[in-house]
Amino acid sequence: MLSFENDYAEGAHPQVLQALVDTNLSQQPGYGADDFSQSAAAKIREVCRTPDADIFFLAGGTQTNAFVIGSLLRPWEGVLSAETGHVNVHEAGAVEYTGHKVLALPQADGKLSAETVRSYLAAFWADPNHSHMVFPGMVYLSHPTEYGTLYTKGELQAIHGVCQEYHIPLFLDGARLGYGIAADPTLGFAEIAASTDVFYIGGTKCGALCGEALVFPQGAPDHIDTLVKQRGALLAKGRLCGVQFDALFTDDLYTRICGGAVQLAMEVQRGLLDRGYPLLIQSPTNQQFVVLDNDTLAALSQEIRVCIWEPVDETHTAVRIAVSWATRREAVQQLFQVLDKLRH
Amino acid sequence: MLSFENDYAEGAHPQVLQALVDTNLSQQPGYGADDFSQSAAAKIREVCRTPDADIFFLAGGTQTNAFVIGSLLRPWEGVLSAETGHVNVHEAGAVEYTGHKVLALPQADGKLSAETVRSYLAAFWADPNHSHMVFPGMVYLSHPTEYGTLYTKGELQAIHGVCQEYHIPLFLDGARLGYGIAADPTLGFAEIAASTDVFYIGGTKCGALCGEALVFPQGAPDHIDTLVKQRGALLAKGRLCGVQFDALFTDDLYTRICGGAVQLAMEVQRGLLDRGYPLLIQSPTNQQFVVLDNDTLAALSQEIRVCIWEPVDETHTAVRIAVSWATRREAVQQLFQVLDKLRH
Amino acid sequence: MLSFENDYAEGAHPQVLQALVDTNLSQQPGYGADDFSQSAAAKIREVCRTPDADIFFLAGGTQTNAFVIGSLLRPWEGVLSAETGHVNVHEAGAVEYTGHKVLALPQADGKLSAETVRSYLAAFWADPNHSHMVFPGMVYLSHPTEYGTLYTKGELQAIHGVCQEYHIPLFLDGARLGYGIAADPTLGFAEIAASTDVFYIGGTKCGALCGEALVFPQGAPDHIDTLVKQRGALLAKGRLCGVQFDALFTDDLYTRICGGAVQLAMEVQRGLLDRGYPLLIQSPTNQQFVVLDNDTLAALSQEIRVCIWEPVDETHTAVRIAVSWATRREAVQQLFQVLDKLRH
Amino acid sequence: MLSFENDYAEGAHPQVLQALVDTNLSQQPGYGADDFSQSAAAKIREVCRTPDADIFFLAGGTQTNAFVIGSLLRPWEGVLSAETGHVNVHEAGAVEYTGHKVLALPQADGKLSAETVRSYLAAFWADPNHSHMVFPGMVYLSHPTEYGTLYTKGELQAIHGVCQEYHIPLFLDGARLGYGIAADPTLGFAEIAASTDVFYIGGTKCGALCGEALVFPQGAPDHIDTLVKQRGALLAKGRLCGVQFDALFTDDLYTRICGGAVQLAMEVQRGLLDRGYPLLIQSPTNQQFVVLDNDTLAALSQEIRVCIWEPVDETHTAVRIAVSWATRREAVQQLFQVLDKLRH
């Protein structure tokens, strides 16, 4: 059955897979010291315009989030996150497992505002009892957010400014970064690298079989290798991520394939609106959120798989329709055909 | 430069890679619910003759070790391991990071004996102060060991018997299991499944790009999925491991390719002995350990990469020569040619 | 300077101290096996009407909270708490340090409602993605709350009913339990023991130098001793707590001295209302919360120490006035004299 | 029954208890900000000749050990300890619970040598794979050791020299420090403060009801208060430790009472040797270790309680006889009378 359930239903982009085939028997050192990882890192430094960046390749998003938060925070610190942030809700307590608290903040459309962050930090430091509280030691945000929304360049810079004022790092979770950059190129790799302290470029949902490229724009702290090993996140065949990211960052493959997906997602959005289905949220990226009456949802689900997001009221449900680099225009047309059929 | 440095220098066996190519665009659910993971699990249940086994696919060995030990031990327990065990020495404290102690025991050739384990357990329970000590809650062993050595079926059964007597699980780390089973088929999948409580079948070093198949022969405890997620070990594209293990367990590919490697390793061993180089240890599997004088080692290293294992005395060094499924006979011949050249 | 800043400004009730003096040179085994701890436990079992209860004495409240939550939760679980709960705000992340998430719920006057708890649990189990979320594995509440408020017997029973329905334990933090029971004896030791799975009777703030009596009404799980040792919470001289609780539970000393404090606190409350100072919250226990204009607060603070609780608006501040077993009526009169002087 | 089982069988030295009585109703701020803690700290700075030292009072030894090791080590580090060290054997895995490995080293009479430490450190840094290993990040030693033995000033300085060379802190566990300093005043407070980076002065076993004074001779790192709270080790009534240590460090009470115990212990030692009982180990401090035949032990145990240490052979057992500040000469005479009676 055709699926729009998520953006990780297929394998890798064919060019990524071909790169794995082409390099397969080249003997390489392990643990990320291979030529391909080095080459991929160099290309990422180039697009980020950060010649001193340190780059590590990890296998998945939750792993990367927990690693960054758990290894950069100091023992008395927690991480600020939107209450809807992936680290706060859908990672089974991976951050707390590292011993640190997620300090959840109010959000709008999945986004934090600089003002919210500043208020929290100001109130914390003004509290005479703050030495008995968890110190806010990092800001986490996702871009695109869990709702497909995006920060503007100005919004990101404003949050980064607050972080710098309070001397805490800003960490951007870019599990779907390619779709974000394709949708708004004014907040591209270089701008993100300039306005964060650490971020990652998602591979798993953007063309790779697995892998996230963790970027420290101004260089990483010492001993990251050992900590990656300790947390079970070090692949013996580091080449697996290296080869894939090397291919994704050759000839702009990464942003090109994500751009195609965003274009299709906009067609999905327009098609839904044209047919009178209201959006739950206005997402400019590859995830679209639409409200369906439950009868339509039930009938649709007979033919096409979508993701149940949340109940809206007793007779309506919000649904996520995820487009990816692998989605073909024919699939979108089929979606509309089914919807049109249901309306008659 | 030709390398015998380790057994993870290449990518995946070509048939494994081809399976990734063939299945690439099939839409599948995430997190291990895909058809390929199901199929691979069924095949593994078959070879293990354990119809009720639960099987999970994780990305790497340290991750799997820390996951099993950290999630099966109860809070007051630690894990018994040979002092040379990977978990005790070369995983950067991954077990302790989960909050548990590795209780290191004396070993011989990398192996624990049932007697050593029994003595420790008996002394622990006889100690009037044992409630202030770490309770031994699991036995960990690797097969093949870090020195390439193997347990016999009788030895494994004896250790398992002690574990059962003391009601603690036996965990077998099979990062290189294929080479072990190829070298001694009398301790095969079914025999291991019958004499352990949990074990894993290594993929990373035995033909896959990544991945270890974690097997609970009598079924897994509840909530493993959530814990795998929490520890950052859940791949969104679970198919990545599923497809590979499905290929490896089709037509005995796994044991066949490991068997070829063991044959070549035996040729290496004989060739070294024929040329008068003493072995550090008698290994029947794909890793060979030989003692070289330092001049020979220096000259050899100009042409072929090997792994420095440990100093033996002031003028000799033990070296590991690792063969894998990817090693060609020509490479072995080249090794001997270089050694022969050095002797003249 | 006279202080109403908190309820732990003095040492121990004289009878408690005398008991330490009287028993001082009796030789006793360590770690809680002493006669006094046994006797205290027997007396607590008696007032709780729980002949099978297991009772442990720990040194302080944060330690006890973190111990109970961290050792009873299973690895995939978190604890539900009012967002104002001490464990969520003022314990420096002690729960998260044990690896578990505090799942914060909306509250009213510091209290959770059965309905709030039930809604959360129902929504969690109905969520199709709950296996990627932290499982709610315990309910934590404080009685009296951080705002001095109390659950009624019916409210506690209702919450306990929800917990039983969902098979999770209810944990009651009784750091100030004596003041609660004195204020509302219809929810006494026996009623609390009947409607919780684990709770503690606070000593530090109720007449002891230190110490909390942790009660498992239906018996404790195994290995608590070892975990108490592991978490650094086992006193070698367990008698220190044993002697104190033995004295506190002789002739109702515990509730008598707390009752005196509650009476004085009610006089404070009436005196404040009579003088026109509004209460922040209606507290029936030993902590009173009053709103003062900032000028009054500044002048008062020259003569009497109170606890700044939180800003109310630009010209008013909420203040906590804490009465304890050690507060004398003269001190309350002095407080009023200062306030009366300030009003002229 | 008379007991020599341990050195924490009684309460507090009468002068310590009297100080608690005398100060009982003085209102003091909590959490260690009280006058008595300040005064005690000043006196400790004085005897240590470290005007810049930071001093914290914790409740017990295991708590202090786990706190120091867990909060000073960086995440990739472990602690070096004698394999017989309390932290390695008898603290129920408290260090590992903080996520760090105890790296156990060979010992003699419970002591580490500078040479053993240096060898380990040199081998670690020379190992090409050390980035996959636990970094040795601190040296832990106890003084007196678990066997009652002492480091000489030269030995301690030598170990400290190795630590400084490798830039890792030296931590001295002084749970029984008073007995050590009384036995060998050439390694006194000032000398220990000069040759360690952090140490503690044990109160629990040296005259107090509870409490250990943690000393950072050159000042503590930031945020210790918050970490003490987070680890459940912060007493609300910090005065409890403050008053006791203030009394113990008035007029040399601490070393005087420990000195009396050491004198009696030497009488015990001589009396045992005179009667032909061999020592297990030559201890100059308050714990004496003697080998008894099992018949003697059984008969002795009918009248006097001693601590079974370990079996020596099939017919002999090593026994610990612990003397403390509370032991009277009459008790020692009674011990000898019983032994003499048994020999007839």
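Some points to look at:
A, B, C and D are the chain letters, set down in written order, and residue numbers restart from 1 in every chain.
In this text, contacts are C-beta pairs under 8 Å (C-beta built on N, C-alpha and C of every residue); 3 or more make two chains touch, one makes a residue touch a chain.
Computed from a prediction, not measured in an experiment: that's the story for all the values here.
Shared contact partners of chain C and chain D, listed by label: A, B. Here chain A and chain D face each other with the same set of residues for the most part; over half of the interface numbers are shared between them. Separating the CA-averaged centres of chain B and chain D is a span of 42 Å.
Annotation: 51 Å between the Cα-based centres of chain B and chain C. Annotation: 33 Å between the Cα-based centres of chain A and chain B. In chain B, the residues that touch at least two other chains are 76, 91-93, 97, 99, 131-132, 226-227, 229-230. Within the complex formed with chain B, the chain A residues making contact are 2-3, 5-6, 8-12, 14, 17, 20-21, 23-30, 59-64, 66-67, 91-94, 97, 204-205, 209-210, 226-227, 229-237, 239-240, 243, 326.
For chain B in complex with chain C, the residues that touch the partner chain are 71, 74-76, 99, 131-132, 135, 223, 225-227, 229-230. Here chain C touches chain A in the complex through residues 76, 78, 89-93, 96-102, 104, 128-129, 131-134, 308, going by the rule given at the top.
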